[in-house]
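For reference, chains read A, B, C, D and E in written order, and residue numbers begin at 1 within each chain.
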C-alpha cells in the first residue's frame, strides 16, 4: 500500500488503518453510495417501478450496516443525522454536491470541509475512513474543482483519511464522455491531483479498454461506476470483467438501494465477495 | 428527539432545551414569521384590504409575545431593535434575505452569521432557540445556498441551536414547483444538508401527497408554508389535514399578521392548539 | 432613545452620547453631506451657475465647522486629510462609494471598514459619531449591499457608533422610485437591517405620504434627502412639511454647499433651527 | 506639509521624512516611471526610432541612480531584482498592473501589498519612500479599484509611506478623458480616497485648465503625466506652464528613458531643476 | 548569481544552493517537464505513433531519476505519490493547472501553495529546488495570473526556492504569439514580476530573435520551450542555436518522454551535456 507524501509521518499509521479497513486488507474496494439523494433529489428513490419506502434515508444506512460493503458514501449532513445510530459503518462522506436542476455548467461545489467531517465523526463516535469529491473535467468551473479536489486531498491526508475522486468528463469540448482515451485522461488527471482512488465510468468500447485508464492512473487505484439499473447477475459479471482489466473495484448506488432491504443486502454481499476475493494474479490482463 | 452529530457533546443539553422550547415538548412546531418585510417590502403590510397600522414592526412582536406560537422568525436586524422589549418570545432569526426587486436568479444571501445572532441575543437578554435560512433549489446560485445552508447548520448546532431550512424549488428546469415529487426531493435535500426542520409548500395534488416529502425527509421534520390568505377556519382545516399526513407543523405569516392585534392573537392561539395538541397515533396515515 | 441589541453593554453609554450629540438631545437630525464629490465628481461643485471656489474641499469643512448642523458626512479619505484641522465637527463618514461613470447596475461598494473610521478619528483627535452606507434596493448587486449594510451596522454598534443607511430603490423592476409604497418599503427594509436612521426621498405624491415610510420604519428614524436645488425659503418649508408627517430630519448637500460660505452657514443654521426645534406633539399627523 | 490622519502618531516622523526626501524639502515632485514595461510590454522599449539597449531594465535603474529625479516607480518585482544594486534611489514601487493585451474593461489589479514592498526594501536595504496605484474611473471594475486604492493608502500611511494615485477616466460613459471638468473630478476623487498625490493628464483645453483640478484636489497635490514623446525643450516648457497653474510636478517615463543613458540623465536633471526650483509665489495664477 | 530581495537574508544560502543544484553551478538549466498529463490529459502519452507504456507516471520519474536533467517539473499531486520512491530527483513542482477541455479564456489556476510543496517535500524527504507557475498574458484572467505569479514568487523566495514562470501570450489581442516583440515583452513581464527564470517559445522569425527577449528579461534568465516532436539530433541543434543567442537553457517534455526509457535517458543526457557545458564566452552574439 502506498502512503503518499501528503500524509504527514505521524498520520501514516492512521492512513494505513483506514485504507486497510476500506479494502479489507486487499487492494480492492466496494463503495456503496447514495449521493444521488442530493444530485437527483427523489428521482432514484421513488417511482412506479421502485419498491415503496426506499426514499426513507434509513434504508441506505440499514443496507450499509447489515452488509459487507467496504464503505458508505452519503453527504455529510445525512451522516450527521443517522451515523451515530449505525456505528459499524465505514464512512466516506461526500463533501461536495449540487442538484441536477442547476442551470449552469456542472460544478458540484465543496459544501463541507474535511475538518467538518472529522468533527461529525468524533461527536457521533463514527468510523470515518475517507472522503469523496467530484470533478467535472471540461466544465466552465473546472478550475474551482481542481483546486477544491487538491485541497480536499491535502486536508484529508493530513488527517490520515483516504481520498476518492469522482472524475467525469463534461462540457462543450467533450464530444464523447465514454471515449476510452478521455476516460484514461481523467483517471490520470486524478493521479496528478494526488487521489488514492478515482471513480470513472466504463468506456463505450467495453471493459477491456479500462486498461488504458488503469495505466494512466499509475498507483492511483481505479473504481468503476455502477451505471444504469441492471440485474444482480449482470452486475456481478460486469464487475468481474472490469476487475480482470486491472480495476480495483466499484462504486455502486441504485443497483443496490433500489431493492427491498433483504435483497439489497444479498446483492451488496455478492458484489463484495466478487470484489474482495478477486485475485489479481489469476485474472489481470497486461497491456 | 434526535440530537444530530453536528451538535458537540457539551451543547447537547442546550440543543435539547431549545428544541423542547420551540416544540413545547411535543415534536410539533408553529413558527410565526414576518421575513416578508424584507422579501416583499411593504406589499404584505399595506393595502386597501388590510387593516391600518400592521406595517409597524411592533405589530409583529406584540402578536408573538401575547400568543402561544412556538417561535418567531424575523430578520436579525429587526430583532436587534425590538427583541429586548419582548423578552418572552422564542426567537428563530432569519439570517438570509433579499427583496423581490432583485433582477437575478433567486439567491437569498446569508446576511448574518450564527455568531451575530448569538451576540444580539446575549446583548439583549433574548431567548434564541434556532435560526432560519432559505435555499432556492435550481437557481443559478444554488451552490452558494447549499454551502451557506450547511455552514449555518454546522454553526447553529455548534451553539446548540435548532435549524430550519426554507426549501423552494425554482428556476428554468423546475416546471412545476408544486409537483409532489419535486417537493419530496427538496425536503430530502434538506435532510442531506443536516437540517432539523424543512419548510416546504403543499403539493398542488393535495395534502395527502405530503407523505412523500415526510418519508424522503426521514428524521428531518416537515413544516408546511401557510400559503395565500385564507380565513382562520380554512387555515385550521388545512393544517389539520397536513398533520394527518405526518407533517410536524406550519410556518405562518400573513394569515396571522394581516389581522388586527386581538384577532391575530386568537388565530395564532387556535393554530398553536391545533398543532401542539395533534396526536400522531390517532391521525397518521402511513405510506 | 433606543439602544439596539447590536450595541454591547459596555458600549451603551458611548452610543447614547453619540446619538445625543448628533441629535442635540432631541430625536432629530440635520446631516450635512458632500459625498457627491465621489459620486458625481466635479458636477455639483463647478458650473456657470455656481459660485467660484466651492470645489475646494475646505469649503465643506468650513461650513460644517462654523454652523449648527448635527453632523457632516464626507468620505473617510477626505476626512483623513481635513478632519484634524476642524476638530469641532461631528463626523459621520460615508464608508461606501462609486462614481456615476460606472457602467454597471448601481453598487456603491464598501471602501472602508468601521475600524478604519475609528483609526482615522483616533489618529486625528476627531469626534466620530456614526457612519453612513448606501443600499440600492433592486440592483443586481443588492445582496452584496444588504450584507455590507448589516455588517457595517453590526460593527458600528460594536463601537458605539450611530448608523445611517441611504436607501434608494433602483433597477429594472422599480418602475417608479418615488412611489410612496416603494419608499415605505425601503424604509422598512432599513429597519430589518437594524439601522438607526434611514435616508429616503420624498414620494412624488407629496410629503404627507412619508407617514407610510415612518410607520414601516418603526423605531428606525426617517431622514429625507434634500433633493434638487431650491431656494433657502423653499427648503425650510419643505423640511417643515416633512417633519409634520413624523420624519426625524433631513440629509442636505447641494442646497447648502452650492452657496458662498457665509450664505451657506446661514442656510445651514436656519435648517438646523427648523429641525432641532420642531416639536412633535404640535405638528405630528397620525395615520 | 500635511500629515493625514491615516498616519498613526508613531509614524508621523517617518512620513515626514519620506515626503521631504521625495520633494527635496519643497512641495514639488519629479517622479521617474517605467511601469510601461508591464503595461505595454516591449512597445516603449524597442523600435526603429529608439536607441538600442534601452529595453534592458538596468537602463532604467542607471538613470534613476545617476540623476536628480525625486523618485523611481517601477513594479515591485523588478525592484526586487535590481534595487539592492542601486541603493541611492528613492523608490515608489507600483503595486498594481496589467498589460494592454487584456480584453476586459481596464482593471489594473493590485498585485503586491504594501507589506510586500516593505519586505523587499528591508531585505535589500533600499530606500522605500512611497507606493503607487492606478484607478480607471468609470471602468466596470471601478469599485474594486476604489477599494484597493483606499486600502493601499491606509496601509502605506500606516507604514509612514507617501501615496500616489494614477487617476484615469475611462469607459463607456467617458466621452472625453481630456475634458477639464472630468480631469478635475478624478483629481478630487483622489482626494476623497485620501491620496497625497494624484497623477492626471493635461486637459485638451491647455495647461491653464489644470487650475480646476488643483482646486478640486485641495490639499492633495497634483502631478501631470509626461504624455507622448516630445523634445527635451518642449518638455521643460510644458512642465513650467503646468507648474504656473498650481500643479506640484510631473510623472515622466518615455520622455526620459527613450534616450541613451547620458542624454536621459541630462534630461532628467533639467526637469528636476525646473520642478524643484519652481517658486510658487512668482508664478501661481489664482482662480 | 543574483539573489533577489524577495529572498530574506536567512534564506540566501538555501536559495543559492537550490539555484546551484538546478544549474549544476553554471547559469544554465535543463528542466524536464510532464505537466501535459494535466493540460492535455492522455494526448501526449498514448497514440498509434507512441511507444506503449509511457502513460504510466513511473516512466517520467524513471527518466528524471536516471538521467542528468537539472530538474523535474510535474504537478504536486503526482510528486506526492512518486517522489519519495525517486529521492535523487531535483523537484520543481508545477503549482497551477487546467485541462485543454476548459471552455473559457485560458486561466491555469494556482492549485497548490508554495507551503503545500514544502510540506510534501518534507514528508517524503524529497529535494525541492523551485516551483513553476503559468501566465497566459492577454487572457481575460490575466490579472488573476499576474497576482498569483507574484505571490508564488514572493512565497517561494521566502522559502529559498527558485521560481520559473511559463509565459504565454494568448487572447483576442494577440495576433501572433510567435512575434519576437511580443515574446520579448512577456519575457520582460516575467522580470517585472520578479521571476528567476521565464519559459518562452522561440519566435517564428528564428532563434536569433531570442536576443530581444534575453535583453528585455535582464537578469531574469530565459528558457525556451521544446516545441513539437523533433528528432533528438534536431533538438540538440535547436538548443545549441538558442543558447548562442543568450538563452539559459530549455524546458523539454514530449521530446524526452515520448521515447522508451533507455532512449529517453540518452536524449536527456545529450541535451543536458549541450546545455550545461555551453560556454557563453565562445558563442554569445551580442545585440
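In this text, a contact is a pair of C-beta atoms (placed from the backbone, for glycine too) under 8 Å apart; a residue touches a chain by one contact, two chains touch by 3 or more.
What you see is a predicted model; the values in this text were computed from it and never measured.
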Please report the minimal path length, in steps, between chain B and chain D on the chain touch graph. 2
Hey, what chains does chain A share as contacts with chain E? none
Mapping chain A onto chain D via their CA atoms needs a rotation, nearest 5 degrees, of 145
How far is the middle of chain C from the middle of chain E, if each middle is the mean of its Cα atoms, in Å? 57
Roughly how far is chain C from chain D, going centre to centre by Cα mean, in whole Å? 35
Line, ring, star, complete or other: which describes how these chains touch one another? ring
Quick check: in the complex, which residue numbers of chain B touch chain A? 2, 4-9, 105, 137-140, 142-144, 146-147, 150, 153-154, 169, 171-174, 181-182, 184-186, 188-189, 191-195, 212, 215-216, 218-220, 287
Can you tell me which positions in chain A touch chain B when the two form their complex? 37-38, 41-43, 45-46, 52-53, 55-58, 74-84, 97-104, 107-112, 116, 119-121, 123-124, 126
